[in-house]
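Take a look at the structures below.
One chain, chain A, links the two complexes that follow: it is found with chain B in the first and with chain C in the second.
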Partner chain A sequence: MSSAPDDHSLDMLIRKLESIATLSDEERQAIRSLPAKTRVLQPRQDIVRDGDKPSQCCLILDGWAYRYKLIGGGRRQIFSFHVAGDIPDLQSLRLHTMDHSLATLTQATVAFLPHESLRDLTTRFPSLTAILWRDTLIDAAVFREWMTGMGRRDAFERIAHLFCELYLKLQAVGLAQSYRCPLPITQVDLGDALGLSNVHVNRVLQEMRGRGLITLHSGTLVIEAWDELMRACEFDPTYLHLEKRAAA
Partner chain B sequence: MPRYFFDVHDSGPQFDDRGTVLAGPDEACAKAKSLLASIAHEDIPKGADQHTFMAQVRDEDGNSIYAATLTYSGIRSQRQRHP
Partner chain C sequence: MTLRLQPVCVRTGSTDAESQLVFEDGSLVAVLTHLSDEYGDEAGMWFLEVGFGPVDDPRSPKFTDLDEAQNWIRRKLTDFSAHGGP
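Right after this comes the complex of A and B.
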């Protein structure tokens, strides 16, 4: 644990926000001076749970996290996957009771940012408030896309669409390039995120491999045929609203 | 935990080379049911009026532990109304 205005752990947040907006030097400095308590969490560890009333937000510095909800019979719905730079529970700043849970997927380093400091930051910098709002709106846009997938796309299209989305999100914060990215998501997780069984996910992944679209090996996804994968699931990246959309 | 392989026959054989790790044969049977239902859900609307789906579950030694068949048969009536 460290209180660290100077260890640049908050640069991850700056990098993320700069993938969707432009920051001034003053804004960057204000973010860097947020008090942050850094912790290393084990895989599959809850960060905040459904019903909690947290007093801090969680910024991911390294590793992956996911938001989920449990319903009867041990059924789980995963809503989103998160990587470095994301604040998956930003909503707790304004909605005081958690209506779902947030957990680590892999071992993760996170920085806890006190609500009080975030509120102070947003009061002093309305432009940062606007950027965080933009981030929340993009979050909602991603949910709309997942809803469209679960309601209307078939299993192949759902998985292909998620792969395209994750690749572009990772690429935007410098965690992926050359159509290659880390993918520490199990088939059970993919199924719970996309409304499919793990066996069905497995079958579709083999079809994707068979068609030469992807390879998936020891936690690394390689998209072998980006254009074809995009076409197969009608992927249109507009909803990610990325400011800097690099070529590959 | 054991690994199970789910071969599917849907307008041609599709062999599962990778398999899925599951708790045991009960879970494997349950997964076969849900897989067959999901495949039928996606493929019946796209396919012909006669369609048979088969799933076979193999264990790590290659022994078949479950086999299921789902038949779709749609028949158009002789009498059709003309507008």
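Right after this comes the complex of A and C.
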């Protein structure tokens, strides 16, 4: 179905962009008037695949998605996890062939935004172009942190760092508070994201629980000792470039 | 090719401490760890804790028993020799 201008599904995008920048009323209205086709997708369903040439971008409205690449022997690298408000394939607006895939992690509601409309929006509002550029720069900053983690952090630090990152990203768009957030990521997913075996992930999670740093139950992560977890992995949230951080 | 196993305790920081050192011709080629009950469906399997040289594998494979693990290790070592390895 197509959204009417009074359908507020695009408010998810506004909320996300407002977590990293300030929008004017006019810019908010322009975003709200984007045409969007909303769909509900099943878990583990590809949204766009490596090699595709999409003509639209995908805005996550509800649920989780992840970017990944498959290489020989069934090996999978997960590049990032995405939640409501993210446009994980925004790059397809300028890079016409996908160099990786995007899939749902959970059941997800997504809105497809035609490239043509997004291009028109960015032509009419250079300030929005700058904000979307800022978003892609932050995306690159997150990649740098993941690279540092995979190259130089041990298993415990990698997982702790990802938990801190996900909590702050979710909190910034109102999806987490009181050091509690949804975490529908399996141990295999965590391993594929962080270059670890699921056995090592399991051991680290046991250690974190044993030290009273976290509890993880039924897809909910509770960070029981935020300061200690941050210290343990030298987490510095500067790279997320969040404009405003709500009280935890 | 004959492999020799030597039981050993590995400090994994977890409950799965029962391991086997795997030797080929006197050289250590792998360490296998027996997965404890913590691992649900995978409990009881043997995990390639570490593999040296051609036995290294980023997929960190798991095996249903030690025979399967040793067959896999032999194959890796044989393939390596067949492709001009030392």
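Keep in mind that, in the parts below, the second predicted complex is superposed on the first by the 247 of 248 C-alpha atoms of A that agree within 3 Å, B and C clash if a C-alpha of one lies under 4 Å from a C-alpha of the other, contacts with A are read in each partner's own complex, and residues count from 1 in each chain.
Operating definition for what follows: a residue touches a chain if its C-beta (ideal position, glycine included) is under 8 Å from a C-beta of that chain, and two chains touch if they have at least 3 such contacts.
Predicted model only: the values in this text are computed from it and were never measured.
Asks: Go through the superposed model and pick first if A:Asp99 touches only chain B, second if only chain C, both, or neither.
Replies: Neither chain B nor chain C is touched by A:Asp99.
Asks: Please work out whether A:Gln206 is in contact with chain B alone, chain C alone, both, or neither, and reply first, second, both or neither.
Replies: both
Asks: Does chain B (first) or chain C (second) touch A:Arg75, or do both, or does neither?
Replies: Touch partner of A:Arg75: chain C, not chain B.
Asks: By the touch definition at the top of the document, which applies to A:Asp236: first (chain B), second (chain C), both, or neither?
Replies: Touch partners of A:Asp236: none, neither chain B nor chain C.
Asks: Going by the contact rule set out at the top, does A:Ser197 touch chain B (first), chain C (second), both, or neither?
Replies: both
Asks: Which chain A residues come up in both lists, the one for chain B and the one for chain C?
Replies: The answer is residues 197-200, 202-203, 206-207 of chain A.
Asks: Could you please specify the touching residues of chain C with respect to chain A in the complex?
Replies: 12-14, 16, 33, 35, 38-39, 42, 47, 58-60, 62
Asks: Report the residues of chain A in contact with chain C in the complex, numbered from low to high.
Replies: 73-75, 195, 197-200, 202-203, 206-207
Asks: Over in the complex, which chain B residues touch chain A? Could you list them?
Replies: 6, 8, 14, 16-20, 31-32, 34-35, 38-39, 42
Asks: Would you pull the chain A residues touching chain B in the complex into a rising list?
Replies: Its residues touching chain B are 154-155, 187, 196-200, 202-203, 205-207.
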